[in-house]
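Chain IDs A, B, C and D follow the sequence of writing; residue 1 opens each chain.
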Amino acid sequence: MKIKLRFFGQLKELTGTEEAEIQIKENTRVEDLIWLLGERYPNIREFLNHVSFSIDNEYASKDTVLADNNEVGLLPPISGG
Amino acid sequence: MKIKLRFFGQLKELTGTEEAEIQIKENTRVEDLIWLLGERYPNIREFLNHVSFSIDNEYASKDTVLADNNEVGLLPPISGG
Amino acid sequence: MVELTSKKISTDAVLEQVEAHSTGGVVLFLGRVRDHAEGRPVNKMAYEAYAEMAKVKLAELEAETCQKWPVKKIYIVHRTGLLELGEVSVAIAVACAHRKDAFAACRYAIDRLKETVPVWKKEYFSDGEAWVKGVVPEVKKATPSSQ
Amino acid sequence: MVELTSKKISTDAVLEQVEAHSTGGVVLFLGRVRDHAEGRPVNKMAYEAYAEMAKVKLAELEAETCQKWPVKKIYIVHRTGLLELGEVSVAIAVACAHRKDAFAACRYAIDRLKETVPVWKKEYFSDGEAWVKGVVPEVKKATPSSQ
């Protein structure tokens, strides 16, 4: 299974990446993904606690189970307006 | 002593007058003026109870004493905006 | 700034009056001529003002609003004369550092304008015309020389 | 209608979106780039959006606002890209039959926009730049299959 990652704001700057794909196992929850991300992107570790996640354009809680081909957004605290 | 009257809205239409001068005695209060007006303009009598008065651009209570050369506005209920 | 005008109100011009690089939030209220009044279709609307007094009351309104909220810029303009459907009869623009204040100040200004500024409007129907039922402005009692 | 745009926002165009002869009161909120942030002078501001999701959230915001108030017309537009001082970053126009509703609905929409729409802004100072401290959007718990 694989998902697509989208990075925004500070996270985009820190990773130098807008989009990425990552392989996940079945039954991976958002919470599990955070650990995968910390492993893969060490310099965003300290931010991961304050990051919100979206799945296919909807905010998702940490216990949501990811599905194949989900688009997962890594969203720093928002500041629109 | 004389004062200047200003008519607005419906009162202007009913009297056919925008401005008029009227002679008053000393110590005439707004309340007294109402009676003078009812005498002089019979077709606004029924409206005089709902009319507000201004003296020199300020709303005036009925017990205000008029002074020579005051400009007195006869103001129907307002409906701006 | 406050104004009473017989010319068409341009919202762009209104907003220009509250341009300021130090303000974050702008709230604009526009009153427009509606096509109906209590179920009856309206064709146009006439606004009459006691011009001299209306200007005094608009200036008081401006001062009062700025006293109650931290207003950076405010512009109030009221139209007079014959207005077509959809035309702007009144515009109030308020700029504050914080949007909460801008909303509150603008809301206060339009509410208070309707209670204090001597303006009258008449609705034109296809079969006649009628002055709009208004509100009696509050009058402070004349201060009696009682001390 | 809702929109996300990289082009300059024209307030005239915004107000045209809520033109309707059946509405009496229009309230417009404008957010503009301020020349200072917490005492520091700001030169310009960059707005970044998660475009696909922002459009979804803006549409939800519109629906939600229209559900809570008797809105006749509403238009919400958010800008993206690099903005100069004074430029409009967000505009929300609401037309209702009664001004009280227009104020409440517009206020709600901008407050809620800041809590739900995935947009980020960065301030540029003469000696550097900084992402603006934001808010963590509320997340509904995933409904567990608990019945």
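Just so it is clear, a contact is a pair of C-beta atoms (placed from the backbone, for glycine too) under 8 Å apart; a residue touches a chain by one contact, two chains touch by 3 or more.
Note that the coordinates shown come from a computational prediction; the quantities given were computed from them, not determined experimentally.
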item: Centre distance in Å when subunit B and subunit C are each reduced to the mean of their C-alpha atoms; value: 25
item: Averaged-CA centre spacing for the pair subunit C and subunit A, given as whole angstrom; value: 50
item: Subunit A and subunit B, separation of their C-alpha mean positions in angstrom; value: 74
item: Per-residue multi-chain contacts in subunit C, two or more chains; value: 31, 110
item: Arrangement of touching chains [line / ring / star / complete / other]; value: line
item: Inter-chain touch pairs (all); value: A-D, B-C, C-D
item: Touching residues (chain side subunit C, partner subunit B) in the complex; value: 31, 47-50, 52-54, 56-57, 78, 89-90, 110, 113-122, 131-142, 144
item: Residue ranges of subunit B touching subunit C (in the complex, touch as defined); value: 6, 8-10, 12, 50, 52, 54, 57-61, 63-64, 73, 75-81
item: Complex interface listing, subunit C residues touching subunit D; value: 11-12, 15, 19-36, 85-86, 97, 99, 102-103, 106-107, 110
